[in-house]
Structure formats: structure tokens, C-alpha cells
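First the structure, then my questions, so here it is.
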């Protein structure tokens, strides 16, 4: 089941850069593991913004929530979730 | 080059259903042709709304604009365009 | 899987009252059938507004979308969908 | 009498985690006591957000206010209250 | 139990003035009857706008809803309802 | 001359509780004095929010401004002022 | 007593130009009479918009409302009223 | 050439009152000098808010910008600029 | 003197296409004449939208307003005007 | 390929002025280098605001993003990106 998530990351400019770098490295590791598992299907950067549009493929709303809560940068994110489904015009087998 | 487009389709409830059906069939045909050409990469329906999130892969802003203007339902759409790029955490070769 | 849906119904004041009454009766019949099936768990009226908050229990985003599209008043609705999950503080067995 | 309340909890990232944990435990205890009393009818988590939709069944606006003010996390909440009533299409005896 | 209601009345400029006058006269009659019954406690005009702020004193959310639905101008109103209670600083016996 | 004022009080969670209590006590004393003088006609709490709707009866915009500036909690308020007048449907002698 | 009013005039493009011209001429005549009486102190056009910012000097909220309701273009206006007072830094005798 | 400027002044509640008083005194001095020069034509306080509506009469956008940047309270302001022109209905010689 | 103008053109879908084409041709002719005169410095299309960002170089707010009012499509536009000036970092002689 | 970018710079009033000056000087140097390279085509100041409208001419969304991320003031900016294209009415050879 697919979900579209917009994440805007807002890290305070006063935060220790070493802490920020560590959080970002952990975030990247978890994101890539979830991508390899097929749960985090797509992630794109928005040009000029520290934000991403992502597509998740999960079993349930519950699983989506647990994934979001496991992200190290979650406490610094504004998150917007939209449930998706196959579009009747889609020709891609894997977009549902 | 990738673009994220949200389209909200707002067809007046007073419009002739036969005209609406014809427009929708034409829209579907053009959408599928563009998908086959690889220009319209993804299209997903938003649950509960007559809207879609789409990913386009085009040569330029100009080409994106021409595609949008060629859509039969364009006059009834509210459109929101966001330029995208490869995310540094992405592991998919084809998400850029 | 649970979803929260807000529906604001906006029927044009110029519409034929007999048509409106027929649509409302059909809407009520479908709503009650879906409630009996356990798919439309709750529906509450917002005081002073021609709107409702509803809780749906469905298999997937796809099923939610099909239900919404089957509603006779859908063309006159503004709809807002929010995916829900069990709250860790909930004591009700049936709120998940 | 029923009320729909949306609570968005915004705990500062600089707050002492031990204090946060204590507040959350107290919040949960009070929430569950109110659920057992039948005053806090439902509570659901919004997928991907540190927010809930709740349904309260209280004697009056006054009682709803006192409950909200008694919540340990209230100072960190953005709250939106909507008075509800039985929907004419509802088939549930206990949704009014 | 008190409620604050903002009503913005939006009558189409194309509507027959005789119909408008009849609706307004009916609205006034019902409003004054409800004021005499003590249910519609206050009504004030907003300077420069075709809008009012009103205070209702009713038994329940249900009664407030029924009153609003009985207003002849309701189909032309945008309505915003806010539940109120006695303020701890109030010295008026009758503001609760 | 009547004015409707919405006050949302936003006291920082890091403020010394003793200072907050003192400010609140001073605010209450001034509010009650102004109520006794008939200048602060009504004050109601919004259910679930640390906000009030108030009705002031003053000589001029100038006097309203001076009253607002004299409130100890003013520096922590978001304020929204709406000038009011007697509604043509009102039956209360004292609502103008 | 001074009020700042923003008026956005929204005349339907389908309206008979002769009717529009007549309304505009009547509006201008009434505006100039009120300016001569000193009640409509200032009126400025917003560059590029069919809107104005005006300053009224009236006895009361009631008088402001009556003036606004007497304007022939009022049914086509979006109006925003802000009560003003003398600014402590002002050096103009007549800006209060 | 005329400009309408709304200034909302947002001084942090934690700022040293002596510093605030000094800034306000400097602001007042500069404002009055600009008023005497005819560049700051009008300034009015908004009732109940720490905000003003001002009218500037300057040679160019450039001069308006330089004036705004010279204000001691500018770093604490939210500013909204609207270019104005003579209204065709205006009877005042000096409102253009 | 420079101004940035955003124009969103909203032509009703029910309008006669021949009338629309004539309006668009007239708009184009006037736009190009103003560009040749150096008054309409730049015009760019927004990708995917029937909107433009334009830069005007005019003598005054008055001249900008007269230009906008002379546009055949003006009655169908939503317009947003922003006064500009030379940026201190600009290296272009002609961007002021 | 052209992009329109609005940048609103929000430097905290508590920041060390020497650090701010250094950041601004670095920002200016990078901006002018990019202008000389033809990548940052235009930059204009918004009158009365610490903001700019800029036009970039880049190879791709990717290049635009890298430029934005390289700006020393980026962490203090609110950024809004709009992809542009040649307008059919434009007579300038270099506005595409």
C-alpha cells in the first residue's frame, strides 16, 4: 500500500554541526536500509529546499507510522502524509 | 530532469456527462502515450480525491509546459509544479 | 485499517429540491449499508455545519477510494482524508 | 454530548528527556482513567504525526475545558475543538 | 450552555430582491422569537460587513444544530461555531 | 460603542510560574475593575483553549487601545479587534 | 473617530457594461459628497488592482456601517475594516 | 509617489526594557523628522495592536527602501508595502 | 522604476473561443508594443500554469496602473504587484 | 533553463553583527561570481523587505539546487522556486 510523504527538515542553526552530521549519517543509513527492503520506494529532493517527496510501500498505516518515528531526524521534521492508490491511467505494473 | 506535479481536476457538476467522458478518454490516451515514451514516469491517485501526484521526466521546463498544455483536462485543473533532483540518500539508479 | 474523513457537502442553492432529496436518500441508504458491513465505523454531524467526521475501517487505500467514489453526493463534497492507527494510550479493543 | 478534539503535541527538542517521559506517562495515566470513565470515548493516532483525534463525551463545554486543562501535556499542545451531534444516517446507538 | 457563532451571509447578487426580502423578514422573525425564548442571547452586526456574531444558550450541541438548520438564510451562510464557558474572571452572573 | 476582541494568550512554557501567577492575578483584578465600570461588558472562555472572546463598551477606538495596552498579559497576547453595532434584529436594549 | 477600510471591487465580467457604468457614476457621486462632508477623509487606488484604501472619520461604528451599506457598489465588494487612532509619533494635528 | 506600509512591531518579551525604550525613542525621533520633511505623510495606530498603517510620499522605490532600512525598529518589524496612486474619485488635491 | 507583477489569467471555460482568441491576440499586440517601448522589460511564463512573471520599468505607480488597466485580459486576471529596486549585489547596469 | 527564486533572509536579531557582516560579504562575492558566469541572471531587492527576486539560468534542477546550497546565507533563508520558460509574447532574445 502506497503513501506519499513530504518531509521538510528544519534543523536549528544553533545546533552543534557534529551532532547534525551524526544525525544525518544515521538518517541516511536507515533510509537506505528501508529502500533496500522495498518499503521506502522513492525519495527525491525538492530543488532549492531541504525537503523531500517520498513514496512508501507498507502493510498498513501502523507500519508507516513506525517507520516515520524511527527516523533520527523526525523530531526536526514537518511531515505531510497522503494515502495513494493505483491510478486508472497508469501503465506501470509496480505503481500500486 | 524530474518534476513533481499535483493535479486537482475540478469538472463542473453541470457539464454534459458525454462531454466529460470523451475528455477523460482523451486524457487517458495521451497520458498513456506519454508514459510509454518515458516522459510521464509515474501517476498515482490520491485516496478519496479526484487528484493525482505525477512524476515527469523531461528535457526542460519548456517541454513540461507543452505537455501540460496538451492535456484535454488542463482547463479544469489546478496545477502545482515542483522541480526535483536526485536525493543523496537514494539507492535507485532511475530516480534521477 | 482506519481512516478519518471530513466531508463538507456544498449543494448549489439553485439545484432542484427533488433531485437533492433523491441524492440525499440514496446517500443515506449507501451509508447505512456500509455501516452495517462495518466499513463505515462512525459518522458524526458537526454542529451548525452541513459536514461530517467519519471513521472508515477498510482493507486498503484503494477500498477507501472506491467507497468515496460510490457516494451519490461525492461530486458536491470537499473531502479531507487522514490515515489513522491505534493510539498507544487507547484502552478500547476496537479502536484499531 | 460529544466533542471532536484534534491535539498536536509540540515538545521542544531541547527539553530534558526524563521530564518528557514523566509527562508522557502522566498523560497516559490520566487519558486511560478518563477512557475508563467513558468521558474520553476514542483516541486515534494520525499516521506519521505526533497528533491525535479524540472523541469526548461530557456533560458540558465546561467539563470538556476542565478535562483539557488537566492534561499534563496541555501546555505543549495546539488544540482544535469541534462540537458534534448524532448524524441522521448513523445506525450506531452509541454515537450520540 | 453557551456557543459563539459567526455568520457571514452571502446572498447572490442575481437573486430576485422580493425573494431576498421575504427570506430576511422570515429570518428576523425567527431570530426574535429565539431571542425572546432566551436561546439566542446576543446578536451584533460587524461594522461594514453583512455578518453577525451571536451568542446562543442551548441545552446541547444538538439543539444548536437544529436552530441553525431552521434559519431561512442558512443555505446562504458561512458558519463558524465555538463552544464557550464561564470565564474565571467574569463578574456577570448571567455569562455562563 | 461596542467592540469584539479575541485574545489568545501564549505564555512561554519556560517562564517562572510565580511570575506567571502574579501576572494572571493582576490581569484578573484589572479585568474585574473594568467589568464593574461597564467598559468590559462580557468575557467568555473558549472551550479547550487559553483564549477569550470579550465585548468592550468604550467611548472611542482610542479608549479601547488604552485598555488593551494596560493589560498585564498584553505582551503575551495575539489580539483580533472587530468593531460592532446594534443588529437590526436584536431585541435587547443593552446590546448597542 | 478614524477607520481604515480596504475595498476590493469584484464586478462579474458578464454584467451589462451600461449597468456597471451607472453604478460607478453613482458610487463616485456618493463618495465625493462624503469626502466634501469630511466623513470620507482619504481614498487611494492600489496600483494594478481595482481596490482602494480609504480613511473614514465618523461618529461611531454605526455611522461607518451605514455609509458602507449606502454605497452602490457594496454588493460587489470584499471589505476589511480596521479601527484606527492617533499614533503617539504623529505630528499632524488632523490625523486623529 | 505614494506608498501604503503596514508595520507590525514584534519586540521579544525577553529584551532589556532600557534597550527597548532607547530604540523606541530613536524610532520616534526619526519618524517625526521624516514627517516634517513630508516624506512620511501619515501614521496611524491600529486599535489594540502594536502596529501602524503609514503613507509615505517618496521619489522612488529606492527612497522608500532606504527610509525603511534606516528605522531603528526595522529588525523587529513585519512589513507589507503597497504602491498607491490618486483615486479617480478623490477630491483632495494632496492625495496624490 | 521597476515593478514585479505576477499575473494569473483565469478565462472561464464557458467563454466563446473566438472571443478568447481575439482577446489573446490584442493582449499580445499591446504587450509587444510596451516591450518595444522598454516599459515592459521582461515577461516569463510559469511552467505548467497560465501565468506570467513580468518586470515593468515605469515613471510612477500611476503609469504602472494605467498599463495594467489597458490590458485586454485584465478583467480575467489576478494581479500581484511588488515594487523593486537595484540590489546591492547586482552587477548588471540595467537592473535598476 | 530559467528559474525564478524568491529568497527571504531572516537573520536572528541576537546574532553577532561581525558574523552577520562576514556572511553577507561572502554571499555578495558568490552572488557576483555567479552573475559574471551568467548563471545568476538577475537579482532585485523588494522595496521595504530583506528579500530578493532572482532569475537563474542553469543546466538543470540539480545545478540550481547546488547553487542554492552553496550560498552562505542559505541556512537563514525561506526559499520559493518557480520554473520558467520563454513567454510566447516575449520579444527579448535573451529571456529564454
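First chain written, first letter: the chains are A, B, C, D, E, F, G, H, I and J, and each begins at residue 1.
Just so it is clear, a contact is a pair of C-beta atoms (placed from the backbone, for glycine too) under 8 Å apart; a residue touches a chain by one contact, two chains touch by 3 or more.
This is a predicted model, so every value here is computed, not measured.
K.L.:
Need the graph distance between subunit C and subunit I over the touch network, please.
P.N.:
Each step joins two touching chains, and the minimum needed here is 2.
K.L.:
Kindly list the shared contact partners of subunit C and subunit D, in label order.
P.N.:
A, E
K.L.:
More C-beta contacts across H-I or across I-J?
P.N.:
Of H-I and I-J, it is I-J that has more C-beta pairs in contact.
K.L.:
Using mean CA coordinates as chain centres, what's the gap between subunit H and subunit J in Å?
P.N.:
Their C-alpha centroids are separated by 28 Å.
K.L.:
Indicate the whole-number Å distance between the mean C-alpha point of subunit B and the mean C-alpha point of subunit H.
P.N.:
That gives a centre separation of 46 Å.
K.L.:
If I count partner chains per residue in subunit G, which residues reach a count of at least 2?
P.N.:
As it turns out, subunit G has residues touching two or more other chains at 2-3, 45-48, 61-62, 64-65, 81-86.
K.L.:
Return all touching chain pairs.
P.N.:
Chains touch in the following pairs: A-B, A-C, A-D, A-J, B-C, B-I, B-J, C-D, C-E, D-E, D-F, E-F, E-G, F-G, F-H, G-H, G-I, H-I, H-J, I-J.
K.L.:
In their complex, what parts of subunit F are in touch with subunit H?
P.N.:
Checking each residue of subunit F against subunit H gives 3, 5, 12, 61-62, 64-65, 68, 75-76, 79, 81.
K.L.:
Can you list the subunit B residues touching subunit A in their complex?
P.N.:
Its residues touching subunit A are 2, 4, 27-28, 31-32, 35-36, 42-48, 52-53, 55, 82-92, 95.
K.L.:
Mind listing the subunit I positions that touch subunit H in their complex?
P.N.:
Touch list, subunit I to subunit H: 1-3, 60-62, 64-65, 81-86, 96.
K.L.:
Flag every residue of subunit H that touches subunit F in the complex, lowest number first.
P.N.:
Counting only subunit H, the residues touching subunit F are 13, 45-49.
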